[in-house]
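Per-chain numbering from 1; labels A, B, C and D assigned in written order.
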Amino acid sequence: MPRTREQLAERAAQELQDGFYVNLGIGIPTLVANYIPAGMEVTLQSENGMLGMGPFPYDEDVDPDLINAGKQTITEIPESAYFSSADSFAMIRGGHINLSILGAMEVAENGDIANWMIPGKLVKGMGGAMDLVAGVKRVVVVMEHANKHGQSKVLKACTLPLTGTGVVSRIITDLCVFDVKPGGAGLELIELAEGVTLDEVAARTEAAYSISQTLKAAA
Amino acid sequence: MPRTREQLAERAAQELQDGFYVNLGIGIPTLVANYIPAGMEVTLQSENGMLGMGPFPYDEDVDPDLINAGKQTITEIPESAYFSSADSFAMIRGGHINLSILGAMEVAENGDIANWMIPGKLVKGMGGAMDLVAGVKRVVVVMEHANKHGQSKVLKACTLPLTGTGVVSRIITDLCVFDVKPGGAGLELIELAEGVTLDEVAARTEAAYSISQTLKAAA
Amino acid sequence: MRKIYADAESALEGLTFDGMTVMSGGFGLCGIPENLIAALRDTGVKALTVISNNAGVDGFGLGQLLETRQIAKMISSYVGENKEFERQYLAGELQLEFNPQGTLAERIRAGGAGIPAFFTATGVGTLVAEGKEVRTFDGRDYVMETGLVADLSIVKAWKADERGNLVFRKTARNFNPMMATAGKVTVVEVEEIVPTGSLDPDAIHTPGVYVDRIIKGTFEKRIEQRTIRIRETA
Amino acid sequence: MRKIYADAESALEGLTFDGMTVMSGGFGLCGIPENLIAALRDTGVKALTVISNNAGVDGFGLGQLLETRQIAKMISSYVGENKEFERQYLAGELQLEFNPQGTLAERIRAGGAGIPAFFTATGVGTLVAEGKEVRTFDGRDYVMETGLVADLSIVKAWKADERGNLVFRKTARNFNPMMATAGKVTVVEVEEIVPTGSLDPDAIHTPGVYVDRIIKGTFEKRIEQRTIRIRETA
């Protein structure tokens, strides 16, 4: 069975490591914060200018001066620090954030990602997505395997305008997990979601990929 | 009579204007701080990272964490703010400081300045001088008219390695004051020190210069 | 006290002209100069180029200047929350230049810091890099981006002292400090003006040199997405 | 507590190798990492390239690493206060690259911020611009300078919390915050380690992401030029 949104977030949380500084994108990636293993020290960055992001506030604690990059009200925690957006993106561009978990419209075999613009539709802007994919040490995409028309979002080549080229390291979908091998060496299927078959992935994936020798079904 | 060091500083202080942010170089320029007219709001910048520099401390108030760009112990005042050296030079490079008063080894007709290096002698480095002359809105040089060998320091062209090109707006010496006309239009003699004659300036100046129609003897 | 003005209207006096470029601080509706945006609208100035990460919402923030069609062009990273913006943009009445958010922040920082251009990996291989120089350093491609300055920056801070030293609060800092450095003139609205000497000199975010005029404002601080958690009861 | 080390020696363990590049904070003797410089000397590491605004004085600060001839090259803006430096330099034993102070500060900031190169008017038409690209923007010439990074940055702050958030004190801030961002590894010595949550999050100068290891040091804080005024007695 394909993973639910919550299961996708739970799987993505396995990408976290103790001591990591992490930027989570809007949507499913935001849910990853709920699955940080107990005892693991993970610091969340919000690109508008905060390190050490806390959970949503209780109703009476809402502060209009304290929002995340998704413009949601949040809270501070003991290790929080605030800084300007220039300092925040210096941190991102300079490679100081260990991991970014982002959504995508399309990802290609070579690690290209498209997640900001559909030609002919109203474009809202790329926000910080281009900076994140170019700057963060490791970029993991979490998304549905197919779009709402049932078409594969894991492609030989992106068809939409790109957010970044050759930047994605891993793709986690509701069906499976691919690694993007370095140097344009293509995709490798490394995990299947519970109950998902190799044939199912093959049928729903436009991109070419190899299959890891240690391929395992997800627990 | 040629101006003394103190008189040079006093004359240079006439360059200050109410509300100015000013960077003073090492040596005679530092003395200018003693001649800020009462009631005039002048904020001194120290390029290591301070705006609002106070006077030297009393003996018991000396703080090793509080020095100026000349590495002298100083004090803070109510309007003081500290920042990093990167932020300090962003302020300088970005043209936010109104006036820099600096010493020089040589100044040329076109506003070139040399004040950091004598070939064949040990070079200590340019420190912040190149940033100041390139970045500050108005650069005024305060110096002896001649070097210790009696040679003019106001030249047709600098002979020493430059600190900046076409950056000096005014030259205040112990004998007189020159304006550097914009666009390479040369020097104009605008003031004589008390008791100094036109002939004396002519005899001691290598550079060509015009004489202001409103030339006045200093009070 | 020379920098302190009675109200937003007087603080903008003599500073506005048609076709000017204005930087406006804030991220979403957080930390925007509410009072100065409204006063800028009331000047009636036209054909503005506005540099701001976002474009406000209908009827609030920069949405107010869009309603009155005073904006000719926006330079932003994300403009998703504004129907009037959409309408004008789709009708071709409004020019729009998208910058990646970090590139926008750095362009403003560079403009204030006297840096006319810099290289960044952000946007290489995308539409953002089209028509721009791309150069390889140490085996990686970077695109050249230019510094941005404005005729006027309007900025929201938390506190100012009488000399213009500023302190921002939490994530309302965002684009405000860089914009304060990149305006030929910078006007700031604050929640409180405190006596000079009462701010910790180690904790000043924007030194007074960058601040030309200050007003004490009144603030609605509208919230775009009020997200809360529910307190579990025993 | 993962970032807190017992002493300077253990904090440098595994981080040093011959020929490495080290950034060392401070301006003159103000805000220098006294403890880590001494510990770096004691590692015996050789052929260092040291990026530091100044070179210390004889027997103190980086002067200690010069005495032992562990430094092969300095990148600095001013090195005037050190006889041993002079001797080695004049004897050709020490390489020296002078950078204008603001260019040096910005190169380090750029290195930490992922900017491989930027343009500045500083040094145009001087020896500093020789061999570098000069380009005209808006009618003015600028020279291209590159970002700097280091294998190790050693930094002095006033206080750190257990997560590595740093606060600097007065003009001892100087080059320290940028260097903290530009080291592949950054080790910090502080006067006080405080519990996480006790620093004002609006007043943190260097967020913990930049800090890998922290020690509590002991400080001599030598003064280069003790200038005082005399209290007038009645």
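Just so it is clear, a contact is a pair of C-beta atoms (placed from the backbone, for glycine too) under 8 Å apart; a residue touches a chain by one contact, two chains touch by 3 or more.
Since we're looking at a predicted model, the values are computed, not measured.
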Intersection of the contact lists for subunit B and subunit D: C
Between the pairs A-C and A-D, the one where more C-beta pairs touch: A-C
Chain whose average C-alpha position is farthest from subunit D's own: A
Where subunit A and subunit C are represented by their mean Cα positions, the distance between them in whole Å: 28
Distance from subunit B to subunit A - Cα centre to Cα centre, in angstrom: 55
Whole-Å separation of chain centres (CA-atom averages), subunit B against subunit C: 36
Two or more partner chains touched - positions in subunit A: 76, 82-83, 89-90, 92-93, 135
For subunit D, residues that touch 2 or more chains besides their own: 106, 109, 113-115, 120-121, 168-170, 173, 201-202, 205
Chains that touch, pairwise: A-C, A-D, B-C, B-D, C-D
Residues of subunit C that touch subunit D when the two form their complex: 106, 110, 113-121, 135, 137-138, 140, 142, 146, 167-170, 173, 200-203
Subunit D - residues contacting subunit B, complex: 27-31, 53, 76-80, 86, 89-90, 98, 100-103, 105-106, 108-109, 120-128, 158, 168-178, 205, 221-231
Residues of subunit B touching subunit C in the complex: 19, 21, 41, 43, 45, 51-52, 76, 78-83, 89-97, 135
Contact footprint of subunit A on subunit D as seen in their complex: 2, 109, 111-115, 161, 163, 165, 181, 196-197, 199, 201-202, 204, 207-210
Partner subunit D, residues of subunit B touching it in the complex: 46-50, 55-59, 62-68, 70-74, 76, 82-86, 88-90, 92-93, 112, 117, 122-131, 134-135, 161-166
